[in-house]
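Report on one structure; see the data block that follows.
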Amino acid sequence: MIKVAINGYGTIGKRVADAVNCQKDMEVVGVTKTKPDFEAKLAVKKGYKLYAAIPERLKVFEDAGIKVEGTIEDLIEKADVVIDCSPNKVGAENKAKYYEKAGIKAIFQGGEKKDVAEVSFNALSNYDMAKGKKFVRVVSCNTTGLTRLLYLIKENFGIKKVRATMIRRVVDPKEDKKGLVNGIMPNPVKLPSHHGPDVQTVLDVNITTTAFKVPTTLMHVHSINIELESDAKNEDVIAVLENEPRIMLVSEEEGFTSTTKVIEYARECRMRYDIFENVVWRDSISIVDGELYVTQAIHQEAIVVPENVDAIRAMFELAERDESMKITNESLGIC
Amino acid sequence: MIKVAINGYGTIGKRVADAVNCQKDMEVVGVTKTKPDFEAKLAVKKGYKLYAAIPERLKVFEDAGIKVEGTIEDLIEKADVVIDCSPNKVGAENKAKYYEKAGIKAIFQGGEKKDVAEVSFNALSNYDMAKGKKFVRVVSCNTTGLTRLLYLIKENFGIKKVRATMIRRVVDPKEDKKGLVNGIMPNPVKLPSHHGPDVQTVLDVNITTTAFKVPTTLMHVHSINIELESDAKNEDVIAVLENEPRIMLVSEEEGFTSTTKVIEYARECRMRYDIFENVVWRDSISIVDGELYVTQAIHQEAIVVPENVDAIRAMFELAERDESMKITNESLGIC
Amino acid sequence: MIKVAINGYGTIGKRVADAVNCQKDMEVVGVTKTKPDFEAKLAVKKGYKLYAAIPERLKVFEDAGIKVEGTIEDLIEKADVVIDCSPNKVGAENKAKYYEKAGIKAIFQGGEKKDVAEVSFNALSNYDMAKGKKFVRVVSCNTTGLTRLLYLIKENFGIKKVRATMIRRVVDPKEDKKGLVNGIMPNPVKLPSHHGPDVQTVLDVNITTTAFKVPTTLMHVHSINIELESDAKNEDVIAVLENEPRIMLVSEEEGFTSTTKVIEYARECRMRYDIFENVVWRDSISIVDGELYVTQAIHQEAIVVPENVDAIRAMFELAERDESMKITNESLGIC
Amino acid sequence: MIKVAINGYGTIGKRVADAVNCQKDMEVVGVTKTKPDFEAKLAVKKGYKLYAAIPERLKVFEDAGIKVEGTIEDLIEKADVVIDCSPNKVGAENKAKYYEKAGIKAIFQGGEKKDVAEVSFNALSNYDMAKGKKFVRVVSCNTTGLTRLLYLIKENFGIKKVRATMIRRVVDPKEDKKGLVNGIMPNPVKLPSHHGPDVQTVLDVNITTTAFKVPTTLMHVHSINIELESDAKNEDVIAVLENEPRIMLVSEEEGFTSTTKVIEYARECRMRYDIFENVVWRDSISIVDGELYVTQAIHQEAIVVPENVDAIRAMFELAERDESMKITNESLGIC
């Protein structure tokens, strides 16, 4: 039973906590928060042991009447691995400050630079490379979404080249201070974007990407062009994607006309309307002159959750890739 | 066991179906849809018997491979009461076309005019008036939110006059064709708005309202001014509201800085992030010169769900007000 | 002096009217409106003679106290050419109903199908093909924006293939009933989009496009990938674009971080913040493996205005391409 | 000829500069910027002498190839008065750092606290109080909008009490980093809001306010309730408002259904679509039980511009209130 600490019970952290908690071979021994807000209270209500992410703030929790078990340092002592879900760049600081000192294994998220870890990770694409590693980085939501799809296409049809445009939700739904209210932001302006190289940390593929922020909170959308190595028909591509549980196919005919409908569907199926799968529009799949066009939506809050669970299994060599993915999928209702 | 038909398994209908289904004294015998989209498929997947809301469209469902048990007319034969959750104005058409002919009791939603029913309904405010009635109309989301709050204030402190400004979400989250993208719309421009008179269909109170649409999908927000008849302090008002399960108090200090955070909280607690309660900001409660100022957020998709359940009990005289509300609350996790 | 009638004094019509009116070789003899709203009043205030676009509605204008000179049929009698700026599809109806009958030349907008006219038009790309024609269609905002850029790249470097993703503003700024409030809509879902074939009505180029609607009103943004025939460096591309007045180069360094800043700039320079130019991010221009990546923003309300003016000159053979474009540019402040 | 320096050529500063520059009794001797972006370039292009707002950054402008005449300190030496248009709170710093030291008169904006100046200012309401003063603060956009309207109502009908709800645009159109993307934010949560007391710095009236931020950039909207001292009819109120040039009356019938249409109208009339007037919906004006309900929209970028010009005249005693307002109005096209 692997003991897992979640450092940062926020958007990613709370989802990973719940996912870890429904596995049979691992358990959450505690979660951290920086402040005693409603998320902290919910963590306690759900039965997670709460620790202060910033030791100096212990008193703030006490003053707010929220029971805290100790600090991040106390939590680390009880755990076999930390999943760092703190904001971008803070993970690297935590590594230096706490994890290396304590000699504990750690998983980082995609907001950290790749050199924070020994290996960047995507379950489908390079599970084996994380085996036995001490520091692993699960790539970001956009990179995870791209990699899953490209891995499948590459394995089945070969890829000469990928060109992808990411249309990104500007902030998560809970955010109320940052944003872009009415406009489109090339982000970055200077091309190509970092997503291409980031995919290459987990998959060997020729890819160039561009990215834009738009005023929505629900999901990212990817417009992808893939030059295939072998001949393929639309049906062949659909068959491959249908066969992978972490891909969900939807169609306009069923009413999926935009990300608003995808989320409406997810609200009926999972708490927090979490979508762990790439949502690919079946009708978008189209091969023109040997190039595959495909549109997918990625739920930025949830997509990396199964990969975090699989990363733990890989690091502790608890299971092989297919077995781990199968267990994770079943536990999370991915089918 | 009251047999309930849901005519219109959409935003309201699907929520009411689930709520009815977790009561011990009633059951859903079938739901209708106008088209075979993903919501229709989800209804079937959840175990609801599906009927065609428009008899002529039976074939459309068959063509889409979705099993349908019959038409709305077939469904009515199996039910004791229909909850009409069709779009505005269609309810009145359905009444003339189906319900009166079949001699079945029916509940309408607030998008219908008040004369569609014998009585307009709010559980707290006028439960007894719906007893034994054939046609009852549950008032709209904004009116339900206002009435709950005003009923409590009136009962406890007396009300001379109410002035309320509704800041309304322009469309529901799933909508992707209508909206207001960047602007504020006085709606109506001509004052006062219809919400005041609509509250008066269920509560005897002097109220004048204004209303505006703004580009958000999550919740309505009400800025309310109440001239009290008796002296009261902030704490007195808070105590009254804390005592009513269908009111939820939140505060900025806990992190509830906007409707985005309220929804984030709800995503952790209920499927579809449904909030059946009025969400009142505790820190907004402020008495100035004998006038109470208070801000509340109303989840337009869910707020009327408990009232629909209570309306059934009232119409069939299954329980008294407090008993019905208690059962409904417990079944829906309202506490 | 060519006498020009503007049928439909709306978003495009009012801009084209003003543009025609500042040319020395043409004049506006009248504009039409369907209803007596503030835009109708502004037309009169600006000195345009107003006509009823729908003959039956003459009385509605009179009732509103707005002076109307007659109907569209009266207006046509006074004109040499009609610029049809009515909503999508209405242009084709007007052609059958009025223009053919009166034997008058007409220019249509890109919302009409290509077969409404003898030729589709873009000034840079195929000016000569409109010479002497009776019915000409100025291609849509997105197509105009793509064509200008691709024409220049093709002429200078040759094009093997183009892949473009359009991120489209969902509605114009004045719209307050339609929209997409919080989401991203693949539009169309089925790929590729019609923009590619539409470009091919005015430019011979191998192009495949995808398109998405996002909740903003200001500008479209295009993410474009162009496989070049000849070697080129970033500077070569920049030099070509800098040389064309209908392209405006901007950079992040100057503060142009998104379309919001582009519009802020335009508000300082032109009435209605009209941007007649393609706005190309200089820093986006990037050649990777012989493929050019470039990002441009297109002001959907204004981009086709100069092309409408040039189309008149071509149809009446008033000037050659370069001369016409030069006159149009100078009159509109395009430099 | 009063020599005016504009410290901060941003949203407010650039508008005030242009307004000052079209007066006969004053001129702009220079404007400052903190960085060499496109707004700085536009200032130079328009003929304004540019100075560095932060002396240490002189070199940054040079490096960007933008000619700067010196620093804010150099500019102050050439001026009779500074209009401080820097961001909130920076005005107070500038006062201590530069204006007091140089002994120069200064006008501050409403983002500063009231004690930054000897008097807070609204032209209609308290022009005379600014006569001969050294430091004057023009109240904020929302306060200016409220004060103009309330002054007129008070003078003509007497006011017992005002309750106002402000629905505020969350950021200005050019902003692309901050915002609220999909939600409604009570701001402040704790009631009442500061706007009431702020109105009282310029007008003696009993007022309580609430305020909310919503995801739009165009205009604020105010829902106002005024208990009148004397009897009045809708027509009486309309007559008073029609008589004041700084109030513009619009109606739904003319097509003004939301702020989007108001801005569309303004785009036809003024550069930057500046609306210096309160935009009051004529059809909203409604007296219920002796209480006046009225809805107005306020263009946050432009509304304080005429007041800044009048404030200069008051401080230098160049004209009496009505004369100053008349000159300002005529120069800016307010009628």
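Per-chain numbering from 1; labels A, B, C and D assigned in written order.
We adopt the following convention: contacts are C-beta pairs under 8 Å (C-beta built on N, C-alpha and C of every residue); 3 or more make two chains touch, one makes a residue touch a chain.
None of the values given here were measured: they were computed from a predicted structure.
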Per Cα centroids, the chain farthest from subunit A: D
More contacts between chains, A-C or B-C: A-C
Distance between the centres, which are taken as Cα means, of subunit D and subunit C, whole angstrom: 36
Centre distance in Å when subunit A and subunit C are each reduced to the mean of their C-alpha atoms: 42
Intercentroid distance (Cα basis), subunit C paired with subunit B, Å: 46
Interface hub residues of subunit B, defined as touching at least two other chains: 173, 175-176, 180-183, 185, 215-217, 256-258, 260, 263
Subunit C residues within the subunit A interface of the complex: 161, 163, 165, 167, 169, 180, 182-186, 189-192, 208, 210, 212-219, 221, 223, 225, 251-252, 256-260, 263, 281, 283-286, 288-289, 291, 293-295, 297
Footprint of subunit D on subunit A - complex, ascending: 170-171, 173, 175-183, 185, 215-217
Subunit C - residues contacting subunit D, complex: 14, 35, 37-39, 41-42, 173-176, 181-182, 250, 254-258, 260-261, 263-265, 267-269, 271-273
